[in-house]
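By letter and in written order, the chains are A, B, C, D and E; residue numbering begins at 1 in each of them.
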Amino acid sequence: MADSLFSAAGIEAGYGRVQVLWGAGLDVGVGESVVLLGPNGAGKTTLLKVLIGLMPAWSGTLSFAGKPITGLRTDKRVRLGLSYMSELGVFPGLSIEENLHIGGQFVSKATLRVRMDELYSAFPDLAARKSALAGSLSGGQRKMCGIAKALAAGPRLLIMDEPSAGLSPLFVFQVIEILGRFRSTGLSLLIAEQNVAFLDLADRVFTLENGRIGFEGTVAALHQDDALHRAYFGLG
Amino acid sequence: MSPDAKLLHVEKLEKRFGGFRALDGVSFDLLPGEVLGLVGPNGSGKTTCINVISGLYGGDGGQVVFEGARIDGTAMHKLARLGINRTFQSPKPFLSLTVRENVEISARYGHAGGAAIDLDGLLASLELDAHAHRAAEDLNSAQQKTLDLARALATAPRLLLVDELAAGLNPAELDRMAIRLRTLADRGMAMLVVEHLMGFIDKVTDRVVVLNAGREIFGGTLAQATQDPDVIRVFLGGSHGG
Amino acid sequence: MLIGALLSGLVFGLYFTLVGLGLNLVFGVMRIVNLAHGDFLMLGAFAAYWMFALFGLHPLYAALAVLVVFVVLGLPIYYLIVPRLQMARDAEMLSIILFFGLSQMIEAVTSIAFGTTERSIPGRVLGTGPVTILGQRLPSAWVFGAAVSAIAVACVYLYLYRTRLGSLTRAVMVSRDEALATGIDVHRVSALAFGIGIALAGIAGVFAPFMLGSVTPALGPEINVAAFAVIVVGTLGNPLGTVLGGIIYGVGLMLMQTYFSSWANILPNLLLIAVLLFRPEGLLGRATRRA
Amino acid sequence: MHRVFNDLGLAVLVVVAMAVAPSIYSNQLLLFNFVMFLSLAQGLNVIYGFTGYLPFGYVGFFGAGAYGFALAVMHLGFGPPGAMAVGAAAAVVLALILTPLFRLSGAYFAIANLAAAQAVYEVVANPALEDVTKGPYGVSLSGVFAPNASYAAAVAILAFTLLLVVWLRNSQFGLSLRAIKEDPISAAMAGVSVVRGRTIAWLLSALIAGLVGGSFAWEVSVFYPETAFSPQFSIFAVVFALFGGTATLTGPLLGVFILYGVYNWIGISVPQYFQLIYGTLIVALVLFLPNGLVSLLTRRGIRVP
Amino acid sequence: QTAPAEIRIGHPYAGSGPYASISMPVYLGLKLWVDRTNEAGGAFVKPFNKKIPLKLIAYDDQSSTATAATLVNQLITQDHVDMLVSDSGSVLTSVAVPIARDHKQLLFNPTGTGAAFFTKDNPYVVLLADPASTVWPKYISELLGNSAKTAGIKRVALLYATNDFTGTQASTIRNYIKAHADTGLELVYDQGVPTATSNYTVLINNVAATNPDAVVALGYVGNDIAFLRNLQDSGQKFPFLFMIYPGVEKEELLKNVGATGMEGVFTYAMSTEIEYKPNFGMTAAEYKKAWHDTYPDGKYEFGFNAIAGYTVGLVLERTLATTESLDQLALRAAVQGLSGKLTTLDGPFEVDAETGAQLGEITPVGQLRAGGKMEAVWPLDLANGKPTFGKK
């Protein structure tokens, strides 16, 4: 296993007085891709929000690149090299181009220019409508824009919440392919997903059930477990 | 196909946003109890199609005929009472009302005729009964989508428009949802199902229409579609996935 | 008469752009209605008055001083009020009430401190005699005020569209939640926008004694009505829209004064309603989708 | 079922209390203002609490009611009851004319409504209409002045208003309004006629303001357009309703009793710092009780009438 | 009957809001009088044949009529004041009129000049420190008529703020001009503008375009300041310009407009300018000094409203000294009794016996000279100077 880039341990969190996470923890190595599987309402989104700092953890610790980041604000975490793609993913009232600029807010101008060219060639649909408002895009187009925006930050770890939800099969392949390409440049990934096609990207898998980590291991190990296989790959 | 047998007849539907043609002459028919899959790449106009049929947007050309009468231009709440209902791609429940109140409202105001709906039974069949007295804002997004469905079903529609209900469900849940929709169709409810997961489409639909850039590029069974080179090129991308 | 009305409408309208600009910015970024906007303007006017009366300070320097002081003043006010307010369920509506209360406080303190008489700064301070443009004579103070407005608008435009902080500001305008998720320090961006917003009101206030004849502590509410008209007719969050709104307002007002003078004050109201009804997103706005 | 009785009980209690109050306390005009603001705050509750639209120009309907009353007395020779009906009708007609404002949402609606009220004021106060409205010169209706009768009328209006709110809170129609408030598109798809629901709530809300305006015109009998269209009526109604907590029966009532009570108390005891103290109070209240007084209870899961 | 320990005087005033600038000076003038009187041991009250201290109960109505109404009611029903003085200006006075009448309490009205308040069937109101709006422009109308004959001032432009105070004066002047068409007087411009108008550049242009000999521009203080400043800035001159406030609140106008900007303007020559020989109370000069001694910080300008407040006090004092009892109708009778006998620093006091409207205190027309000096120019018996007219 590679050196640890990011780790979370014993995370408890919730909304109001309702506790959702009960001591969940996970870690991502440098250059590693981790997929977080889990049924609806297990708390995946909640966990990711805690990891990026959008929600406070009631207890537990977080560290990134060896530094503790538990109480750090989101913007500080982003500066350190974390990046998050929410379920919405874009600024609907800004153009695609502006979205990418905001995504790359902490990156130097020259680097950003190069990266944006890369992103536009990876997402030709976006390149064709640079000045369209992200809010006028279809669900799938928006996701593409959101991914591009998150990548524009040039993060070391990209955290994504169900990037494939609502994407057409072609786009799912494209997204996986694009993420694969960025992974090979050393990007670490932490992806909450339902779509098992993403397991192609995964070095390791965590499952989250009722706010607790259930399974942790490689994709191969997941396949070997009958019960898990049934739960996450379905019968058909 | 005799004209009166058709439940829904969509002809040369057009919708423009500014200069952009989101729908560019889409036509299809739907029989009672038939499930039609509406698929296509992102941005091809599927949601727009549902938006126009359900009255959220007025069309810019073409017509929509439901049970022999033109319905384009009819207000949404009237369409609901006529027997057309829908779910939303991003769920839109009444957040501060309870789950039960959500469905009560549509049963009370949107009921499209026929026998009264057993709301508790409906909630139970959708696995929402445990949350009946919780506010809808406490549900997660998949549960909210299911609530959208419950609300639509509470009006006893004859035509149900389903927009990406399955997105975000895990495989086990997907299977259960597919069975549910199939059961409804078998009882005579016609459906237009928009979905990207081909496995789900395969289980639920009788037929598919593939849209691209606001135009139909294919009509037929899913099996045929997966062989069609255009469909593969713009939509499926090599493999038929899901 | 027509040309005179059009020309002074233009000049007067540019000034009203400045009057509305800060309100626009604050609403755009924080989704709060600063009903104390007019009172901050009034404070700017009193600041300029006293700086002139005590030290003979030229309004231009007063404007610079007001800019600095108000931006700095805006930060604590922001942190004291806005984050708490935004935790409320219907913060947008609640803000109307909160800032109404603040406006009362400002007016009360000003009345107690300075009394209720009319105050102004002599017109000659901004140049003597009328300026002749296209054969029309305009008060030189007005031309001055309009010029400062134009500069302020240009600065705000450059800030929003040409600086990094500005584009972050626009991102917050679009979606606070997404801004948080993207790692934007929303409070810093908002606090600054709030400070700039009231500073713009303050600068407009510096010129109010010239543009409006004189000022009293009760000036606020009147100004708000005009400012609302200007920013709604233009587009929320769009400084160019505010320019358009201001000019339409100014020209409309002057034309009304010329041809239907007793109805002149109904104009901003009708303008505002008409624009909202026919183009709810404002004249320069772009619509987003509903489902 | 006993929900309804709780609500009704509270309504009856308030109406009876206000009906007997003048025999205990002799500043009847102050009591009148209490009754007036109770109705106005609840009238605002009907539209804001149940549909989410904040009419910041609510005084437009109040003024229309007052001037409707005055014109009916001056030009048609109507007695006060008939003139009240005319006032109410004027407010409802104005509300009908303004229904297109529902295309707007949030602050846009509030601001547009404010502008509409200003526009009505500008029309009424215009000297060009001196023959009809007496323009800026004000109306004098000393012929119908009868403070006891107008007080009774105001209490009757309050009773009507409270019953209306009780009904909205306990009926299917009220539930459909809340659905519209949450999400109009979903409500339409659930078969609720959004336009109809909103319009009914809007007209009812305007009707209340119109009636109150009529009773106000009757009570004061001499007034100027500035009086009948004073923005203070809107602002107070909004502040009181929000301070108490909207969409409940109790909230706006508490808001009026407490805040307007405090208002008068400050005004009489420390007039020099009246405005400062009241302004500070409002700011503090919003910051510390952003969801209204009743949220102290509802937050703990207690149902408030 | 035993004498009360104090005479309670009730008065609502506007400490904030749009009417504060006219209301505060009246309140402070009244307060000055109360304080001075109490220093001297109180006011002599005839029914008890001794001096009794005064107590001023004043509430802030914040320029709100609804609040003003409840406060008036409070003063009557809770504070049981002996004498009730309404707030300044017609709008805030209006709500007090029916309340006072209903409670059979005499309303001492300082400056609420709206004609509608004064009806024959209501004995419970009396106007003290201003003539009724219809009476006020008597002399300026006459001066216009005279100037038409003697100086060729014929084409008149009338521009007024649309409120009760200025609107009523405008219509009096308009009627005069129409009735005196034989003198050659002619209205060439007649427009009302909203009272909130704060810029007159375009209006001045439009007025000038009608080529008038005389401009009569009627507004409140703020309007007049804006008009004069815009006029000065625009470089436009009119041979004859009449405005209200250059005379009424001269100090405030001088501070805001400057003496040059006001030179040659015709205006009401108020008691601040005309040395009336009061038969009771301080002279204008003495009062002005007293005012500046009492309120030295310049927050509240000395002017007509300041005099009005003090004048109200003087009338109250004389009323107490001559009334048969503290009964409200007796007070009214006593006020009536002062009519034609009392002259204050504000001029001769004369009340319409039937309606309670003020007929005296009519202000002559004055004209401003260099340095802000004023000469009364009409009527001739009060004049200490001659009207001069500018060039076209």
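Just so it is clear, a residue touches a chain if its C-beta (ideal position, glycine included) is under 8 Å from a C-beta of that chain, and two chains touch if they have at least 3 such contacts.
Remember, predicted model here, so these are calculated numbers, not experimental data.
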item: Intersection of the contact lists for chain A and chain E; value: C
item: Greatest separation from chain C - chain, by CA centre; value: B
item: Separation of chain D from chain E, taking each centre as the mean of its C-alpha atoms, in whole Å; value: 36
item: Separation of chain B from chain D, taking each centre as the mean of its C-alpha atoms, in whole Å; value: 43
item: Euclidean distance of C-alpha centroids - chain A vs chain C, Å; value: 42
item: Rounded Å distance, chain A centre to chain D centre (Cα mean); value: 51
item: Multi-chain contact sites of chain B, meaning residues that touch two or more partners; value: 47, 56, 88-90, 92
item: Two or more partner chains touched - positions in chain C; value: 107-108, 111, 262, 265, 290-291
item: Residues of chain A touching at least two other chains; value: 136
item: Touch list for chain E against partner chain C, complex; value: 15-18, 20-21, 24, 63, 162, 191-194, 196-199, 201-203, 205-206, 209, 221-223, 225-227, 229-230, 232-236, 252, 255-256, 258, 297-301
item: Complex contact set, residues of chain C against chain D; value: 27, 31, 33, 81, 84-85, 87-94, 96-98, 100-109, 111-112, 221, 225, 228-229, 232, 262-263, 265-266, 268-270, 272-273, 276-277, 280, 290-291
item: Partner chain E, residues of chain C touching it in the complex; value: 1, 4-5, 8-9, 12, 107-108, 111, 114-120, 122-123, 129-130, 136-142, 210-214, 216-218, 222, 254, 257-258, 261-262, 264-265
item: Residues of chain A that touch chain B when the two form their complex; value: 18, 37-41, 45, 87, 125, 136-141, 143-144, 162, 165-174, 194, 196-197, 230-236
item: Chain C-facing residues of chain D, complex; value: 48, 52, 54, 56, 100-101, 103-104, 106-108, 110-112, 114-116, 118-119, 122-123, 126-128, 185, 231, 235, 238-239, 242, 272-276, 278-283, 285-287, 290-291
